[in-house]
Amino acid sequence: MPTIRAIADALGAVAEGDLDLQVTRAAEPAMAGPDDLALAMDLKYADGFATGHARAALLWPGADWQALGLQAAIFAPRGRLAMAGLTRMLDAGPQIAPGVHAMALVDPSAVIGEGAAIGPFVSIGAGVRIGARARIASHVSVAEGAVIGDDALILQGARIGARVVLGDRIIVQPGAVIGADGFSFVTPEKSGVEQIRETLGQRDHIAAQSWTRIHSLGSVTIGDDVEIGANACIDRGTIRDTVIGHGTKLDNLVHVGHNVQVGRDCLLCGQVGIAGSARIGDRVVLGGQVGVSDNIFVGDDVIAGGATKIMTNAPAGRVLLGYPAVRMETHVEMQKALRRLPRLAATVAALQKAVSKTGESD
Amino acid sequence: MPTIRAIADALGAVAEGDLDLQVTRAAEPAMAGPDDLALAMDLKYADGFATGHARAALLWPGADWQALGLQAAIFAPRGRLAMAGLTRMLDAGPQIAPGVHAMALVDPSAVIGEGAAIGPFVSIGAGVRIGARARIASHVSVAEGAVIGDDALILQGARIGARVVLGDRIIVQPGAVIGADGFSFVTPEKSGVEQIRETLGQRDHIAAQSWTRIHSLGSVTIGDDVEIGANACIDRGTIRDTVIGHGTKLDNLVHVGHNVQVGRDCLLCGQVGIAGSARIGDRVVLGGQVGVSDNIFVGDDVIAGGATKIMTNAPAGRVLLGYPAVRMETHVEMQKALRRLPRLAATVAALQKAVSKTGESD
Amino acid sequence: MPTIRAIADALGAVAEGDLDLQVTRAAEPAMAGPDDLALAMDLKYADGFATGHARAALLWPGADWQALGLQAAIFAPRGRLAMAGLTRMLDAGPQIAPGVHAMALVDPSAVIGEGAAIGPFVSIGAGVRIGARARIASHVSVAEGAVIGDDALILQGARIGARVVLGDRIIVQPGAVIGADGFSFVTPEKSGVEQIRETLGQRDHIAAQSWTRIHSLGSVTIGDDVEIGANACIDRGTIRDTVIGHGTKLDNLVHVGHNVQVGRDCLLCGQVGIAGSARIGDRVVLGGQVGVSDNIFVGDDVIAGGATKIMTNAPAGRVLLGYPAVRMETHVEMQKALRRLPRLAATVAALQKAVSKTGESD
């Protein structure tokens, strides 16, 4: 049970009142009991204190904590940053017993780092290296030759493919698949898709075609401090590896195709899809359900709003929205004009009538 | 082998002919053998009887069953409702042997309800409570402190996170992940995304940023009679729980972000994505691939067509379509106008010419 | 270590230089060591030879291999096709030990084909039949009555449901779920969705509704030479089976609803969603994130660009783009016109002014 003083120190924040008060967990003001730390980083959450029983709270700067009936308060100038520190302090993390569980299968040639914890029904293949203090939850498979960094956390049922390399402090959420084969097929003759890419929609003739598989000889390399969401999929490269840079975070159900290169410190939100061989720069933020076409380039610091479909190269720093993606301002303008379009059509019809009359009267 | 009489009674439907005839399974008319119950809830399926060998059928109201060569018939005034009753009767369900399989790992502190069935390679954590008659298929993991209701059905490889609470009669399809960590990150300084949300696309300058994790201390609470689709993901809340109300159904690959509140009796179709902290009312129907932005509100009884992207609050009862979402009628009008737009532009060009001529001739 | 001669023979390609040179793996020219076969199917990749150390390469037709400093070269008239042959030769495939692993559970009534390999923590249900030389990786579940063809490859944690039938040479990537229950629910009274489908958006009144489940009695039948992507989901049919034809390939996170019929030799790219009872013809190519509405028909040889939402029947051979889907040419035209729309509106306003002036001056 940390004290208010300890929490404030850890957050580098100012605290007032009874700094020796201890709290057990965080809670919303209305739900907080006397041993909870209530969280109200904005005035709009202040109402909850009337119904809750908190004695201490993490508050917006300048809050009158005594008027809220509190005995102690911590002040957070940047609320969500304080949340990061606080939730980290209070997160017990998943229960994975230290050592290798009796019901885990570890190939004799695998090297398990000091202090690693490996749960039940885990399968670790030949030549695998697991970093120090790594934690691997139940039902995970780590295929031959894979390397997992120090302090990694691989959660339930995640699939780590052959020769995949994962950095230090990586977090892989349940069910994620890293290192499935790429989706790469070719037809003996030029396929309809190749024809259309050249002609933008015209096809000379349509011939039956069936698909021959291009195998994936590459693997996946992921940097340090990366997080991969639940049931997300990252395919292996064809010859070289698919790469995810340091500090990048992928949300649930994100799809990263073969040969894709994602830079550092990116955010790829839920259900984003990146087609094969696309390159994504550093600090790129893609909202939920964004799509990126194959073989294109998305520059550093690009931000794309939810469901944007990026179908051509995007220069660095561009802010995008829409299908197909355009600058966010352009999208807003286009949508406004589109909403007025039925009225515009009526205006043109009236004009046409007026002009034809004028013409007649000439 | 139920008789026609028994089936008609169970469906509350009228039957005619040899009510003692027995059937083993349901089939389409053309594929039906003599022991099958042919299903033809609409006249358009009647052709199949010519090639099939059914002796009994579930038919549209008023069908001339004798002319179809049948010996017995059940009449369903609302065909799909009859299908619900019939398929329920004939569904044997998954084979999961009663009791705890010898190859399942159950923490000694877990409480398993009477009549529960737990399959092989299942892992049940400390303090878990499993309801009476619950069935848990192979490879499922249930983490510490989770609670699963009576008559629950948790299918192969589903992941139930720590302290998740699932209601009675819940069905979780294979591979679903309930209780992964939320996707919540903050930068020490104001991030590009925060800047753009304020300015709608303008950025003063671009600074390097890296992401600090906000841990998820909350969990997930799901009501009774809910169904969660295969490989769907529901993230835990930051402080409070993510909540799914009674009777709500989620299809495959649906993504529900942290802190989301979904009401009762909703339908979330395949690949729907709901971003963090969104609130969804009761009886909301979201078609396939619909997206809902973070922190917004979707009112009761909203219906959104396939691939609608809801980016602002939607009032109760609204019917939506499009990206960004607008009323369905508006969308239809806008699309019509858009299809005529090239012609409209030509008309305007002609008008411009005519007017400039008129001007000249003045 | 194959020789250049052996590789050229296998690819049916012409080779020059020291045909007895042996190579161990494929590499990009810049990364290639002296024992690697460098791949440069296009002149634009030639630069890499300056920094790499390859002695042999697979090159574009007409390349001057001696000028590139090579001792041997193979020429590929159709590069990606050569890649298919070459990667197939060099792919060692996943390590799954022959026979049934001691930690696999196989029901005594299951029949395992000759030469099959079954990994650890695999569960095989009653009456299952596994083909000759099939390989099943760790953590896979195969439910009762399923049939898996010869030379199948089922990867880690895939879920094969009851009575599912998979063809010969099928590849199922990790985490795929074949045979979850369909998403099919009905309300006792006509639901809001049914009403809207009839009226295109109008609703008389809104009544509370809750959902009754239609169980899935059908299963899934998949042809030969099919590939199913990681975490993809294919639901079982209601009465008849959901069907995927021979040679069709599904990418990661694809969703195929109940009763769907997909033809032969189709490509369904990442995150495609096909709603219940839709029918897809042969050789159809759907780009990433494409959606297909329920109960519609997509004809043979249709190609849909990324994120196309197909909401009505699409005739054979049609090339589609957009939401809602239109012909690709129409989409390009509409988008051009839309981008010019703000300017068009200004022109109309100016015209209106001019005409009203002309009118006045009459």
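Chains here go by letter, A, B and C, matching the order in which they are written, and residues are numbered from 1 within each.
Basically, contacts are C-beta pairs under 8 Å (C-beta built on N, C-alpha and C of every residue); 3 or more make two chains touch, one makes a residue touch a chain.
In UniProt terms the chains read A, B, C = UDP-3-O-acylglucosamine N-acyltransferase.
Please read all numbers here as calculations on a predicted model, not as lab measurements.
Enquirer: Any idea what the CA-fit rotation angle from subunit A to subunit C is, to the nearest 5 degrees?
Expert: 120
Enquirer: Over half shared numbers or under half: where do the identical copies subunit A and subunit B land at their interface, same or different?
Expert: different
Enquirer: Once you find the CA centre of subunit A and the CA centre of subunit B, what distance in Å lies between them?
Expert: 23
Enquirer: I need the residues of subunit B touching at least two other chains; which ones are they?
Expert: Subunit B, residues with two or more chain partners: 121, 139, 157, 175, 231, 253, 271, 289, 323, 338, 341, 344, 348, 351, 355, 358.
Enquirer: In their complex, what parts of subunit A are in touch with subunit C?
Expert: The touching residues are 105, 121, 123, 125-126, 139, 141, 143-144, 157, 159, 161-162, 175, 177, 180-181, 183, 185-186, 188, 191-193, 196, 200-201, 203, 206, 208-217, 231, 233, 235, 238-240, 253, 255, 257, 271, 273, 275, 289, 291, 293, 309, 311, 323-324, 326, 330, 333-334, 337-338, 340-341, 344, 347-348, 351, 354-355, 358, 361.
Enquirer: What does subunit A use to touch subunit B in their complex?
Expert: 25-28, 31, 39, 78, 80-81, 83-84, 87-88, 90-91, 94-95, 103, 119-121, 137-139, 155-157, 171, 173-175, 227, 229-231, 247, 249, 251-253, 264-265, 267, 269-271, 282-283, 285, 288-289, 301, 303, 305-307, 317, 319, 322-323, 327-329, 332, 335, 338-339, 341-342, 344-345, 348, 351-352, 355, 358-359, 362
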